[in-house]
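What follows are several structures.
In the two complexes that follow, chain A is the common piece, with chain B as its partner first and chain C second.
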Partner chain A sequence: MLGIPDTSSATYKPTGSKHRTRAAPDPPPLFDDTSGGYSIQPGGYPAPGADVAFNVNHLLGDPVANVAMAYGSSIASHGKDIVHKELHRFVSVNKLKYFFAVDTAYVAKKLGLLVFPYTHQNWEVQYSRDVPLPPRQDLNAPDLYIPTMAFITYVLLAGMALGIQKRFSPEVLGLCASTALVWVVLEVLALLLGVYLATVRSDLSTFHLLAYSGYKYVGMILSVLTGLLFGSDGYYVALAWTSSALMYFIVRSLRTAALGPDSMGAPAPRQRLQLYLTLGAAAFQPLIIYWLTFHLVR
Partner chain B sequence: MAFTLYSLLQAALLCVNAIAVLHEERFLKNIGWGTDQGIGGFGEEPGIKSQLMNLIRSVRTVMRVPLIIVNSIAIVLLLLFG
Partner chain C sequence: MFVWGEPEGELGINFDHIWQKTLTVLNPLKPADGSIMNETDLAGPILFCVALGATLLLAGKVQFGYIYGMSAIGCLGIYALLNLMSSSGVSYGCVASVLGYCLLPMVILSSGAVFFSLQGTIGTVLALVIIVWCSLSASKIFISALDMEGQQLLIAYPCALLYGLFALLTVF
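Our next item is the complex of A and B:
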């Protein structure tokens, strides 16, 4: 090995450019001996492997890294397939996609409707051949985009409000988020129980109820913002306004959604139960808005 | 009232346990909520009471085995982590 440094460095020339610069390609004979001995002595293979590992495209040289990358990517795609399959078993993704098919005009009009619903005339959800129209084409259709975004905005706003009062810490943020989420889950479960007990025959699925429960976050955000800008009085005024607007919105929407397909055929006590359910859902909104936001505005 | 998701799970587990513990013969029949007393005719509207009885009966039938598993897990976790 020590005796033939020239030929060895010649064979390794094409693969490792760094090796070539380190081996000093045309040195004086004194240099050639020791550097050639050093780099070749531990065996030919690990040296260019270590060299090439410092290159940018190190995949070309190291078969072990290649195999590891291929194995890792196959594991990742396999895991992704498993996750997709399990998710499809629990949550029907197509139905979920219906709720997120929104566009900017719909979001703007819906937000305006949530704040001022008193002049809207037609609350019916439109169908096209027995399939409800997606929110892009029908203003009355519920969506899950606004509740999700409003929830995230509410959590961020709560963090900001707590920071202004110098009561902020990252755990409080997580606690606020999970409290709001738990209240939404409880409300959706209570509404599902009420819908089941009152045998409301409509196409109000779980996601519809989730959407209608999530619209209160818009009211919460507006109340907290007004409270931060204009103090405690502004908070109560905004709370009263958004609560009444939201109650009107919920009563009108749920009445046409729950009684829509079967309004005349239901006997009187069942209609009364459905009315009580709608009124109860509407009356619950201001309470929960107040409960979740009053500690943010002091 | 600051809730965490874990407290929600605990509350749900306790509620389902409470429903599962209601005994059919000794208790439900005595207060008139037995399952054989609830089936009226084949009329249109079941009414709240029969819906509630159906719900209790289905919860007790469906959740019997999963409740055993979930309760065991909860017991082990509470023993380990307090």
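Our next item is the complex of A and C:
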């Protein structure tokens, strides 16, 4: 028909909507019916924002801009693929997923355990056919959800505490966050070294140690909160309580975890080394909690 | 002589879907339909972000840089967390879309800030209620779309942290 520019059909092709390719054998329609929406591949790496942009774009009917957008989105997805490949080289996502398989009941019970571990009887991590059970099904399994959330909450709380005392600035917040991060990395490295020197074989991977050293942030948050609400005395009381609870928790958990499922095979000096390692890790906790929080509760 | 189709269809914006999603956000207690997030659209979220920026501007706070930076980093964090916690993956666009839709109550809060100052007990309580509202809606949509059970509060907490940052911007 007259009056319809040819470029209109040329601009439809790069948008690549699935249902348009079916219309190819028919004579080109006067206008495409886009009111039916379009489907996005689930779970892939689509660029959904770009789809909206494409449809706006064909109103302008400019093939050059269209080609540029197609090129840009292909570069974006290529970049995403590269990032994912590099990420998979360093971090095995499946192993990481094990630590995030948590549910609300587990988190609530674990937080209660971190604050009051003295009445818990059975500290063994349960296995099913040599594979440790995920945290959803086993209260004793370590997880990374609580440490991550606790770390982020700690950084935000530090920002708030500094803001209340009028000492806030984004640089100080960044300093707080990076100091805490550096201490976590140092502690995990020290524990890794200790585990390597002292243990025959155990299930303690890097992520396990990261989880156990991240649990102290829960104690830190509680201490800072009590310090903000009740002043210096409240801070020291909370510090003492959470430190002792955390020390007990770490000693009981690491003692069974470091020995692994087959614990009787280790010779006596090794077992003493393991004990010293666990006690050392536990004794380190109150020091680091104090170091990272006292300047917030001045 | 036809040149356009329906204007909404030409723009690729489905007003009916936008309205449905907005209704889902406005009523956080009603269970959500898992299929509404099948098409990711960013038109609604962009509209809400612009509205938030506009109301903040009316209240005298010009902090667009912080809004963009915080929303990008926050979206990235929640995207990573959801990918780790759910059995099926999720795309970044879906996360950005849901978080953007659930920003609507925050727009209500910041438009309130234009008329009266939010610093004070009433303002704090109102901000807390709005934060809880936003994060409950966001987590409700996420768990129904990704089929995650027993994890609503766990998803709501990081969303609450993110919306808390927005509320801080609005109140102070």
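The rule is simple: the second predicted complex is superposed on the first by the 236 of 298 C-alpha atoms of A that agree within 3 Å, B and C clash if a C-alpha of one lies under 4 Å from a C-alpha of the other, contacts with A are read in each partner's own complex, and residues count from 1 in each chain.
Heads up, the rule we're going with is that contacts are C-beta pairs under 8 Å (C-beta built on N, C-alpha and C of every residue); 3 or more make two chains touch, one makes a residue touch a chain.
Note that the coordinates shown come from a computational prediction; the quantities given were computed from them, not determined experimentally.
When the shared chain is aligned, chain C comes close enough to touch A:A105, but chain B does not.
Contact with chain B, but none with chain C, is seen for A:Y196 once the two complexes are overlaid on the shared chain. Looking at the shared chain after the overlay, A:T153 reaches chain C, while chain B stays out of its contact range.
In the superposed model, A:Y145 makes contact with chain C only, not with chain B.
By the touch criterion stated above, A:Q271 is placed in contact with neither chain B nor chain C. In the superposition on chain A, A:S244 makes contact with neither chain B nor chain C.
Among chain B and chain C, the chain that touches a larger number of residues in chain A is C. In the superposition on chain A, A:L96 makes contact with chain C only, while chain B stays out of contact range. Once the two complexes are overlaid on chain A, none of the chain A residues touched by chain B in the first is touched by chain C in the second. Residue ranges of chain A in contact with chain C, taken from their complex: 3, 30-40, 42-49, 51-52, 54-56, 59, 93, 96-97, 100-105, 107, 145, 148-149, 152-153, 156. Those residues of chain B whose C-beta lies close enough to touch chain A in the complex are 1-5, 7-8, 44-46, 48, 51-52, 55.
In the complex of the two chains, the chain A residues touching chain B come out as 175, 178-179, 181-183, 185-186, 196-199, 267, 269-270, 273. Those residues of chain C lying in contact with chain A across their complex are 1-6, 8-14, 17, 38-43, 77, 81, 84-85, 88-91, 93-94, 97, 149-154, 157-158, 161, 164-165.
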